[in-house]
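Both complexes shown next keep subunit A, but they swap its partner, so subunit B is in the first and subunit C is in the second.
For the complex of A and B:
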C-alpha cells in the first residue's frame, strides 16, 4: 500500500520567467551599446561579443591562443585544483570532526592558514612553480580546501548526539558510528562544500590567471584590457560565468540524486 | 513474584548531575527494583522525577554514582546490544529505508544479508508496516516512525527492551492506538520490557506492574502496584478506573 504518484505542474508564468529575464537583459544591453548610450570603446554589445567568439574559435590572434585553448587551460587548472581540495579537504574535515587527535593536530594550522586570501600566495607560487599549471593548481587547491574542511567538520559535529547514543546502544564501534552515522548525516553539508569550493576555486582561478599566466580565460580578460578590446574582455567574462554555472548545475543534479532520502 | 526468573536488578542506585559547572542536582536517590523475565514493567512519574535518567542508567548511557545494575546476572558497565532502546524522538536514520533501519542492529553485529532481511521482514510485519519496507522515515507519520523504532529494537533480540516515553510526541488518538498495538505486539512476542511514561492511562493499559515515582527530585520510588487486570484491557473497565483513581490520588501534581 504505497502512495500513489502524481505529476505536479508548474504555472506557465514561472516556467517562462527565467527565459524572459535573460532575453530582457541581453536585449537591453544590446540597445544600450547600439544607440550609443554607452560608447563602444567602454563596452561591447552582445552581438559583437558573439562575432568575436566565433572568430576566436579558430583565430589565435591577437592574444596568442584560440578560445578552446584558453578554456581548456582554465578547466584543467580548475578541475585539478578543485579535485585535490576535495580529495584532501573532505576526509580531513570529517576526521577532524570525529577524532580528537585529528582535530588537535590539524585545527591550529588550519585556523592559521585559513584567513590568508589565496591570492596572497601568488608571489610565492611564482617563485616555486613559475607561471605554468602547477602554480595555479596550488592556488586553487588553497582556495577550495577551506570550505571543504569547514563544512565537513561542522557536518560531523552536527550529528545528533542522541542518534550517536542510539547507535552505541546497538553495539556500534566508534569507527562504525563515524562511517555509518556521522558521514551520512554530514553529507548535506559536504555537498554544500562542493558548491562553495567550486565558487572559491573558479574566482581564484581567474584572479590567479589575471596576475600570472600565459593562457586561460583570466589571461584572455587581461589581454583584452591591454589591447583595448572590450569585446574580448566581455567574452572572457561571459565564458567564466557560463562555465561556472554549468559546473554548478551538474553538482546540483548529482546532489539531488544522491541525497534523495534526506531532502524533504 | 519469587517464582519468576530475575532479569534485571537495580540496587541502591543514586545519580547526581553537575549543572552549570558547579551546582549539584540530585536526580535519583537510592533506587532498588527488580524486573522479571517477560514482565511488562512501567515506571510512572511526572516530568522531573528522574525516570528517564534511571532508564539511561539501565541502558548504560549514564553511569550511576553509587549502586549497581545487573542484567542476567552480569553487571551493566556500558551500552550494549543486550538492551534494546526505543526513544521518545524516533531516532531513525533519515537516509535509510524502513527495512535498512530495522536491520541496523543486525548489520552492526555482522549478521549475513539474507538472514538479516528475513528477521527484519518478520518484525516489520509484526509492527504492521508491511508494504512500507522501502519508504524513508520522512514519508511516514509519527506513529509509523515509532513502529520502525520498536521493530528495530525487537529485531536485535535484546534481553530486555527499554522504552523511554515512546509515544510522548504522538497525538492523543494515535497514542491510544499505539498502546493497543504495543500490547498486541508484546502478547504476540513476549519480551521483558521496562516502559517509562508520565501517562497514567498508558501505564494501566500496558503494565504488569507499575513503579510510581515521587514527583520531585531526587527521584525515589513512592510505591508499587501489581496489576492483575485481564488482557486485552479497556480504558473504561471498572477495575481500570478504580485503579486509575487510586494512582491519581497518590500522585501530587508539581507545577
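For the complex of A and C:
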C-alpha cells in the first residue's frame, strides 16, 4: 500500500505573490534612495550594495578583510556556538523534562540565567577569554542554549500520558520510557529548537562581534558605521539575513525528511 | 471457548479498595477470573471503572487489598499485563509492525521471535497489508487493532481492555468484537473487558460483573452461556441484556 502524494495546485496569484513582494520591496527601496527622498549618506540603494558586494569579494579595503574572510569568521563563530548549545542544551532539557533530579538541580539556575541578555555577558567574557574566538563562541552559546533547553524540556513534558501508562503496564523502566517514548515525542519540539537557536545565535553574532574583532559580518557592520559607509552597513546586514535564511531552510528540509512518520 | 469448573482461577482480586482522601471509590471488590476466561465488567457512568482498571494494572496503588496473578502479587515487571486504552496508543514514529512488537520489545523478547509473533497476530486481525505503514496512514479502527494486537502479542497473563471500541460506530464495533472473540479463542488469553455498553458486554463475555454506583462494589454476576456466534436479537440474548440493563439502571 503505497501512498501517493496529493498534489494541490496553488492559484497563480499565490505563487507569484512572494516574488512580487520582494521585487516591490527592493524596487521601492531603490527608488527612495535614487530620488533622494532619503539622502545617500543615510541609506545605500540596493544597486550600490550590490556593487560594494562585488568589489568586496576581492578587495580587503577599507575594513581589512574580504567578504569571504568576514563570512568565514562569522560562520565559524556562529557554528561553534550553535553546536555547543545543541550538544549541551538538548540533552540537558530532555533530562530536565523527565528526571526530577535533573530538574531540581538545573531549573533554578537556568531560570536565573535565562533572562540575562547574552550581550550582558560581554564584559565578563573579555576578562575570561580575551577577545579571541572563544569569547564570541561563549556569547553565542549562551544565546543558543536557552531555546534548546526550553524546547526539549517542553517536548518531553508533552509526551502523551497514555503512552507512558501503556509502557508502564508492559513493565517498562523509567529509562526505557525516557528513551523510547519521551525523546521521540519531543523530537518535533527539538527540531523547533534547532531553528530557534540558530536564529538566536545568528542575531547575537553581531553583538558578539561588537567585542573587539578584526573580521566577521558583525565587524563589517560596525566598521561601516565607523567609516560612514551606509553601503557597507547594509551589505553586512543583508549577508547576515540571507545566510540565516539559507541555513534555516536547510534545517527545515532535514526536519521534514527525518520526521516524516510523526507529522500528521 | 467454554469454561469448565475445573479451570483454575488465574486472577484473584481480594478486597480491592481505593480511597482518595475521604472519597471511597472502590469499596472491597472481590472476584476471580479463570484462566482463559473473557470477563466483562459493566457499570453506570462515573462508577470508577478507570480507577478500577488502573488499580488492577498496578498503574495506581490500591489503598487496600491484593491482586494476585497465579497466586502471586501482580507486578508489571514480572507478569505480562496488557492494557488496551480507550484512546489509540500507537507510537507515531514506529511502523504498524514495530508498534505491534513494542510490548514484546519491553519484555525482552528476541528480535526474530518478535517479528514472527507480530506477523502472526497481524495476519489474524488483518493488519498484514499495512505492516510497514505508519499509524497516521491508517484509520482509527486500525489504530485500535494495533493496540489489541500489541496486547495479545506478549501472551498476557491478564489483558485489560477499557472500552476499546467506545468511539467506533456500531457496525465496525460488532466487526471488531467478533475479531476480538476470535483472537481470544485462538490464543486462549485471560481477558478483563470493561465497558458501559451492555450489549457489547453480553455479546462478547462469558460472564458479566455489574458494578454499583460509588463507592463501587460488585452488585451482581451474570454468566452468559450463549453459543457463539451470538445472535443479538434472539430472545435469550435480549433477556440477558434486559437483566443486565435493569441492574445498572440509575434512572
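What we mean here is this: the second predicted complex is superposed on the first by the 257 of 264 C-alpha atoms of A that agree within 3 Å, B and C clash if a C-alpha of one lies under 4 Å from a C-alpha of the other, contacts with A are read in each partner's own complex, and residues count from 1 in each chain.
We take it that contacts are C-beta pairs under 8 Å (C-beta built on N, C-alpha and C of every residue); 3 or more make two chains touch, one makes a residue touch a chain.
Remember, predicted model here, so these are calculated numbers, not experimental data.
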- Should the pairing of subunit B and subunit C on subunit A count as a clash or a fit in the superposition? clash
- Is A:184 contacted by the first partner subunit B, the second partner subunit C, both or neither? both
- Check the residue A:13 against both partner chains and state whether it touches subunit B (first), subunit C (second), both, or neither. neither
- Once the shared chain is lined up, is A:109 touching subunit B (first), subunit C (second), both, or neither of them? neither
- Message: Based on the A-chain superposition described above, do subunit B and subunit C contact any of the same residues on subunit A, and if so which?
- Response: 1, 3, 160, 162-163, 165-172, 176, 181, 184, 187, 261-262, 264
- Listed in rising order, subunit A residues that touch subunit C in their complex are 1, 3, 160, 162-163, 165-172, 176, 181, 184, 187, 260-264
- Once bound in the complex, which stretches of subunit B touch subunit A? 59-61, 79-81, 83-85, 87, 89, 91, 93-97, 104-105, 108-109, 131-132, 134-136, 138-139, 156
- Residue positions on subunit C within touch of subunit A in the complex are 57-59, 75-78, 81-83, 85, 87, 89, 91-95, 102-103, 106-107, 129-130, 133-134, 136-137, 147, 154, 160
- Message: Going by the contact rule set out above, which residues of subunit A touch subunit B in the complex?
- Response: 1-3, 160, 162-163, 165-172, 176, 181, 184-185, 187, 259, 261-262, 264
